[in-house]
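Same chain, two partners: subunit A is paired with subunit B first, then with subunit C.
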Partner chain A sequence: MLQAIHSKKSLQLFIGLVIGIAFGFLLQKGGATRYDIIIGQLLLKDFTVVKIILSAVATGMIGVHILKGLGLARMHIKAGSLGSSVIGGLIFGVGFGILGYCPGTAAGAAGQGFLDALFGGMVGMLIGAGLFASIYPKLAEGILKKGYFGELTLPNLLRVNRWVVIVTAAFVLVALLLWIEKAGL
Partner chain B sequence: MSDRPLACSTTFARTSGMIERLFRGSKVTRKKYYQEFPPTVDWQWMLVLGVIIGSFVSAKFSGEFRLSWIPLLWQEVAGDNRLIRWFVALVGGIIMGVGARWAGGCTSGHGISGTLQLAVSSWLAAISFFVSGIATAMFIFRVIFK
Partner chain C sequence: MDDVGVSKAPIPWWLAGMILGLVQVLAVGLAKPLGVSTQFVVADAKVLKHIAPEYTANHPLIGSDKYQKFGYGWWLDVGLIVGAFLAALLIHRWKLQTTTVWWRHNYGTSVLRRLLTGFCGGFLILLGARFAHGCTSGQFASGWAQLSLSAVPFTITLFGFGMLTAYLVYRKIPHIDK
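Now for the complex of A and B:
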């Protein structure tokens, strides 16, 4: 049944649209489509963004691994390397701090009427992605391969059962959330 | 249901390829990057379109929809010059676009979908996003606009 759904292309596009609408609706409601909230987070004054991410990760982590256990979901582990994940992540963060939106929230901010997100952020990301496509052949066999570790997961890295990691991580994430709430951030 | 992770930034790469193809024709699709990530409308592209619509609907319902160029916090420290804000946002977008493709994902793809699947690449990327984002924002607001 699920495989039948996965193979229908137009249905997939429709499901993508519906999930996107729900995601955009919730991001806007939560305040994550606002420059002020995102910069407030990066200046460690407003913890709205961290609360959204931590609660999504804690619930999603448990949910998706239960679905996997039942054979209802497959994992999509991204392969990585130190040169790609860490260097790319640090470059991303510089742009993130300057722009004040991330790719998904820039789209949400544009929907809510922020023209700096639409004509600045989103246009900039198109240019940046195009630039990257041009330099990609030079990077692909060089820095992107530095420290390559492939499709590694935390349970594989630590050589423990995945539920050990899930329960520990969920516990730590919830404790962090409670601490943020208690500190009144 | 979809057998795909929730993510946004690849869409910008695909769209960039689509625009380049409009101007330079099909030779664009021979680029190594676009052979790995073909410039077409896919599930994720529709997801990003949905985010714009969903946020618009939510903002309309709560009366928060308003066309504006300058976020409040920016105005407080940098003034209300639209051209300056646009240019800074553009530069930020370009750097973030390069970084997202370099790391193979963004705040949603690595930060949420990847970390919850316990991918090492995603945990490293998500931590790097925030370490560097915090340093950059602190530098802009505590040093440049002091």
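Now for the complex of A and C:
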């Protein structure tokens, strides 16, 4: 049944819209579309963002792998390399610290009426995307491939059953969350 | 200038996080993991197709199908804006504003200054996201959920440089009553 859903194009567009609405709705409800909360996180004054992300990752990780185990879904691992991940993270981090939004929260903030996210952030994002596209041909075989490791997953790297990693990670994430809460952060 | 209040988020973090995790699972089951940044390249690709069709057709990235269609990902991004809009509207927190407490505390009320720095920041996050094949949604959240190794170095550098930059940019910290 899920095969049929994956192959119907028009249904996929509708699903995208609905999932997107849910995503944006939840980001707003969790407070993540607020620039003050994001900057507060980076300055370690407000841990809302980390708490939301950790609980979302823990839930998603378990659920996605259950789906995979049941044969109901496949992974979409992004092929990676040290060059792309480290440099990308660096550039992203600097921009994140300046703008105070990531692409998703910027879109959410724009939806909430934040004109800085719309006219500053999103316009900048479109130009940044354009720059990337224009320099991509030069980067593709060079820096983007430095330290290439393909679609490697943590279980593959550690050569363990994925559930060992998942259960361990879930424990660690929950422990971290409890610790953050207990510390009053 | 009056904020809608840097106050408590409408719902507790664990509820938002868990439901977001479930949305991720739903997305993977029905379509693909969550992701946001690709669509900004798509928007550029579509425009470039109109104004420079030959360049686009020959371009290894934006000429490809992935970047020339308004598919699942596009509508996800559209829905994101709509969803946040609805959520804010429902609790009377929708409001046009350009600067917030942290910003004004450090840089005053100049809207232009905020827009210009916002532009620079926005430029960098999308550039960085496409380098890394994904942003905080596509590479970080979806990457970790799938136990993808590519999420690890990205997360470390993202937060490392994010924290360093925020520290350098926002020297003054406003007192916020929660």
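Operating definition for what follows: the second predicted complex is superposed on the first by the 185 of 185 C-alpha atoms of A that agree within 3 Å, B and C clash if a C-alpha of one lies under 4 Å from a C-alpha of the other, contacts with A are read in each partner's own complex, and residues count from 1 in each chain.
Following the convention adopted for this analysis, a residue touches a chain if its C-beta (ideal position, glycine included) is under 8 Å from a C-beta of that chain, and two chains touch if they have at least 3 such contacts.
This structure is a prediction, so every number in the text was calculated from the model and none was measured.
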item	value
Side-by-side fit of subunit B and subunit C on subunit A, or clash	clash
Touched partner set for A:Lys51, first subunit B, second subunit C, both or neither	second
Which of subunit B and subunit C A:Leu126 touches, first, second, both or neither	both
Which of subunit B and subunit C A:Leu67 touches, first, second, both or neither	second
Touched partner set for A:Asn161, first subunit B, second subunit C, both or neither	neither
On subunit A, the residue positions that both subunit B and subunit C contact, one per complex	2, 5-6, 12-29, 33-36, 39-40, 42-44, 53, 56-57, 60-61, 64, 73, 75-82, 84-100, 102-117, 119-133, 136-137, 139-140, 144, 149, 151-155, 157, 162, 165-166, 169
Residue ranges of subunit C touching subunit A (in the complex, touch as defined)	6, 8-11, 13-34, 36-37, 40-41, 43-45, 48, 59-62, 70-88, 93-103, 111, 114-170, 173, 176
Subunit B residues touching subunit A - in the complex, by the definition given at the top	1-6, 8-9, 11-13, 15-17, 19-20, 31-34, 41-59, 62, 64-74, 85-141
Residue ranges of subunit A in contact with subunit B within the complex	2, 5-6, 12-29, 33-36, 39-40, 42-44, 53, 56-57, 60-61, 64, 73-82, 84-100, 102-117, 119-134, 136-137, 139-140, 144, 149, 151-155, 157, 162, 165-166, 169
